[in-house]
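Shown next, in structure tokens, is the structure this report addresses.
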């Protein structure tokens, strides 16, 4: 769906943050340990236009559900603002709040849990009407409920009105949940994994229903899912979340067909496909998602990134830098196994360097030596590693062997350095979308100059 | 060479009211050595039950009603020095051993099946993330499996092997001394895979191996399984509701619905020459990331409960192609190739062929054409609830 | 040798068992002896000073081990440091005292001292002047310590001087009058008292004689533990402690001293009815300690023990009667149960009002129904076994039976229903029982037995009855039609709230709780606003005896001595009361938290007290005269009614009569106070 | 394989110590806030003023309050619990004499209860819903509702009174006719401890069972139990090594609570069976208002609970490796 520039966004999110404090034990307090909040949402900026379906995709724990709950005011934001229809939702009057609650609804993941087992379908669906004091008489209310039930495909409605949730199938339950959201005639619906608990064969029915209702009810959707195929099927625009922040957002087809952010790229590479044929690429990402309690500095994705940017003046290859950076990370985490290196034949420092330069990635991205050694050694010689970097690594390896981890880190710190680690990238326009990646810093000028996407340049938090 | 030959296997769950859930009903399939076989289907279709029943790991109220599970192995006490069954055992009518050396696992006692578990058939359970015991070191749990089946192994040797296995799946050997909570989700999954390979099984059952995992990790695990298969030549029985996973890793597969195999055969055949209304419907309802403008169509209605089902086709209530026959009895497995090439409707007993359980196998072209139309599915009136 | 037990003038604490509501047992009271110069004449055997072989004992079979059970552990063997009755069960077998009492006639007899003579030096009564000299002779020939050491006069002089120097708390009352004890000129020893004491043979001669060779190095008696020494406690008695596990069991052997101990052969013993001289006949007494009354009784019925300290539980009497092995020996209570009133508080300051409280108390309900007949109706503050000091003695009336003892019994219109109108009239007409004969609330009273009169001759307040106004009565189930007015005012105004009765929780003393309910109900029907307050035993002790913060409370006394004077002095003399009336206006000096035994404040006020009679009795040397005055004091206390005696326990002491015999019956406290007598003469049944 | 860091242990010890200081302070405050003065029970009517003064002095009541407090705290920490007026002995001697007896009874009961309870809970949880489970479970609930003294009397009646198999009182034979040797002491204690332990554990195990049974049942659905079976392990191994081991974790927490119940129960049992331990003097010292003894008894029980907590935490770390005390994640 194309967007005309003059449309006002329905929802404007700016620098949104939500941190969950972890309760601290007495011991922690006594020892003066800093509380480490879970940074569930950490600096999201996003505009949602009327009539759009915006998908939020990301792996579990990336903060997408929290973002959804913030939007319907189930959580209070720690920082940042959400404007709905031009008004900051944290500063609503009582009356406005009521209005807001009516206009914004949420559909939850699990229809088995989100419906009260002791309420009939009629009770469930009519409840929001009562709460919001809409539709006066019983007859009117009943008519409204029936209407909505039939709209969501539960017709004839009489059959369902007095049914309890456990008499319904999963698909029917989720339709009831949709009906409950729609009965107040909202403008904006947050759908949090609405079909992930449903069987494949009935998912499509619910998805199609939601699409149909969008036109009928003039709805704007925020569609949250970990399933990229669903995002693609449902959404006009998509945002990819990683560790509490959007790394890339733009028209869905563009984002999927031509991912710009290395994480988006890895994410889509990782999805298996029913289409048989050519072997697909595997995801080129290192390791797993770090804890949201202590996210990496700079670009949060940089420790896993295949395209991490070498410093100016790096004479080697980017791949060599990526490996060197892995070495540095291992050094910092104390993961280098000096013991194993000593047991190796040859120079222990050398062995340690070889060990540290490996990449935890699918085989297709590994070097030959790596594959042969089962992923535990590289052939340093075959890497395009600059001399000074190599010397620094060896020096660091010797320091590790000498039992001086701090000195080891110092040794590589100056040489193996990247702005991905130090500077957080701002989500800036690039082509049709916004990407938070230093690789596109240069596109910025171009992006601003040719404002083809009509994206408002939201200021990112650092 | 056939490793596993499942014959007319029916599994029931006793229910308190005296009825029984027919979780699996007259299922036939076979797995060759070194191949990956997929069981795909929606929740409740009986695929997990089927897999668990192979090594008698059903819940307390589940039991094998009838059927055989011929597996190419010999219990230690029945084996000669080559590991093949002694002739006297084959000749003994009381011992479930066939002349080709296969043993009917379904006829083994609880004690006997324990020797088969893990040594011959290892399972990566559905909740692999929770499959590691939190109170024991990961390495020790692998050692436990090794020592169980190879008591002659020394503890040190077993420990070395456990570390070796971990290293093979990309986990630092020293992490063997860690506990499960110190592992990330992907590492736990890998550790369970390493554990599964501990006794060099011939068959690996992977029950929803990627379901709870993040997509990038899932990708790595799929790679891992493929690597293992190449390396060890192990056969893998994958169970999943995710058709795309199946498409990626299976050689052959069976589509299950309501406890029955609806369609089975080589993966390509099933995806490209789909020959069953259910499979067609499933394909229709499955989104794919590569297609730009898809139209998804769901199958109307809901899966049957399987509690004392009638004799008719299990899918007929939701099937737009159902005819009178379908109500009378569940269709047998027909040979798809024969139907396609000659138009003849012939039952087949060849587990390896492309087979489909549909009376209208003779009208394949029509089925395929109509199934693409959304109206085919939406216009039918289904028996509600 | 039964004397020792009660001859000791210290009081013995008895573990409150919570079983018998009557004698909750705060403390046994100090007793008093008779005899002084008289005693010498009366009972000092001039020829029998040297023990002689008594033929009686020859027929008695010797040997055997007598098993004895207690519900509380004897925590120490230091007789000076402990006032526990359970310690006494052991130490009384070890230590002997100068004089001994017999349990039948309650007369003082020679024991370690052979004879004595008292001379009053100065009759001025000045307490700081030595005014009585007692010369006495010590039995030295044939008497040895139980560790074999020779006993000398020196030991006696050492004992008294050591005790005077150390002044152990438990003996303080007996030691206080002693000025000095030294070697005498014509007598072996000379004791000087700073005031006349009619019961010196009981008090001062009742102190244990200590072996100098064991005690002279003990600088602080409190830190000395005889159990830790090589021999254990050393005394002149028949026993030797041969095993001591204070938490579980103790053995006192008598066989060890076979042929050495001769105080039980003294002639006077053969003259006392029921007493068998010549013991002990058993080889040893083994004491087992059980940690609950239930376990103790269980052991008795299982045959693990032959008898137990104190009496049997009322609930097990029937079981004992059904047993072939056990026999229940009768005895007398050594104390009484009482409800006491705080005479400092209006209207409890008025004898007439207090007497009315007695009219409302249904004695029959208590003794016959609640106590199932195992209690006797109470009257005087002397148990019925101590006849010599009960007022009936004057007029040869049956103990407990005469109408003069029924002055304050329940006044009823029909059984169990109080005579409301009659009692109200008693108050409104200004009546009071002063000791004059007459009809009071429909019951004849023949007049006092001893001729004493109450301290008050007419009521202090003007009583009337009017409409029911106080909350307590308005809400009462009894729905009284009228409420009392005191000098025209509501009781709740005069007294600042209703009268409050302190009692134990119902689960600890169920019968008492029922009785108090019945009594309060009667009082409310009359129109007197009374309430109840449930407090624990300890709190009640503190509230009543410590801070005198009460209106009325219920409790009991046990182990009173047969001699009235010290009991009366300790429990009913103003010397042992805190004078709060003074304290409130002049400071706190007279209001201490010390536990004083006269919480009623009896004697503090002129219109209710027997100080004069008690003082006279205490200093009267002649036993008959002294008893005469004591009886008067007892009756005065009765008429003044500051304490209402509600009953005496019927004592049943269980013994294994299948194996043992020789017990003496019908004495006070047969299994406790006079346990010594029993142990000396128990022997195997043939 | 210790997972407890030295610093953590040190820290826990400090915390335990502070807890005890707080308990001591509470005891001090409680005693001083008794109605009247707590020494009033030691003052008898015959005492002279000097004697009363001496008692006050002995108890340090003439000192300023802070000095009394300081002395009290120092005394208690040096094991000087004062002198018992009723026992005429240092309280510490009394405690040293009695504490081991109670600990023997405690320890044995605790051990047996926490062996039987989890074992039964393990079986019932494993076979939950079966007839056997239902009947044993309801029987044990019935037991649980019985007062322990009633059970004790029942046992005494059966084993002592009716059949005379076991003694009903004491820890040793009183006035024995045999010689005391290591063997006879052992035998005699076992002979005497049998009934008290039976009475206590007859009910005592149910508590641990009640914790174990549902957790065991939950654990049977865990993936690792399934995997253990899939590995070909015998049911027994799966149940004990994999399921029960995990289900034990909450039982460890229950142990501290169990201890509190045990203290409660042993007071009754010691009194019923004349077991000469702490339970007896808890009661008698309160009844006789022997404050030094009562105070020390309560203090030692508090120490016991604090030690038990510490031990439980340590046991916990061994049972559950996920708990890693003293290190931040």
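Note that the chains take the letters A, B, C and D in the order they are written out, and that residue 1 is the start of every chain.
Please note the rule applied: contacts are C-beta pairs under 8 Å (C-beta built on N, C-alpha and C of every residue); 3 or more make two chains touch, one makes a residue touch a chain.
Quick caveat, the model's predicted, so the values are computed rather than measured.
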For the pairs A-B and B-D, output the one whose chains share more C-beta pairs in contact.
A-B
Let me check something: if the centre of a chain is the mean of its CA atoms, which chain is farthest from chain C?
B
Taking the mean of all protein C-alpha atoms as the centre, the chain whose own C-alpha mean lies closest is D
Whole-angstrom distance, CA centroid of chain A to CA centroid of chain B, is 33
How many angstrom between the C-alpha centroids of chain C and chain A?
90
From the mean C-alpha coordinate of chain B to that of chain D, what's the distance rounded to whole Å?
55
In their complex, what parts of chain D are in touch with chain B?
222-224, 226-234, 242, 245-246, 249, 319-322
Note which residues of chain D are touching chain C in the complex, please.
35-37, 40-41, 43-48, 51-52, 83-84, 86-89, 97-98, 153, 156, 160-161, 168-172, 174-175, 270-276, 280, 283-284, 287-289
Chain B residues touching chain A - in the complex, by the definition given at the top:
42-43, 167-168, 170, 172, 174, 184-187, 214-220, 222-223, 227, 241-245, 247-248, 267-268, 271-272, 281-292, 294, 296-300, 302-303, 384-385
Please output the residues of chain A touching chain B within their complex, sorted ascending.
59-60, 159, 167-172, 199-208, 226-230, 232-233, 253, 256-257, 266-276, 282-283, 285, 288-289, 335, 337, 339-340, 360, 362-363, 374-376
Looking at the complex, which residues from chain C come into contact with chain D?
10-11, 13, 15-16, 27, 30, 72-73, 75-76, 78, 81-84, 167, 169-170, 172-173, 176, 222, 225, 243, 245-249, 251, 286, 288-292, 294-295, 298-299, 302, 304, 538-539, 541-543, 546-547, 570, 576, 593-597
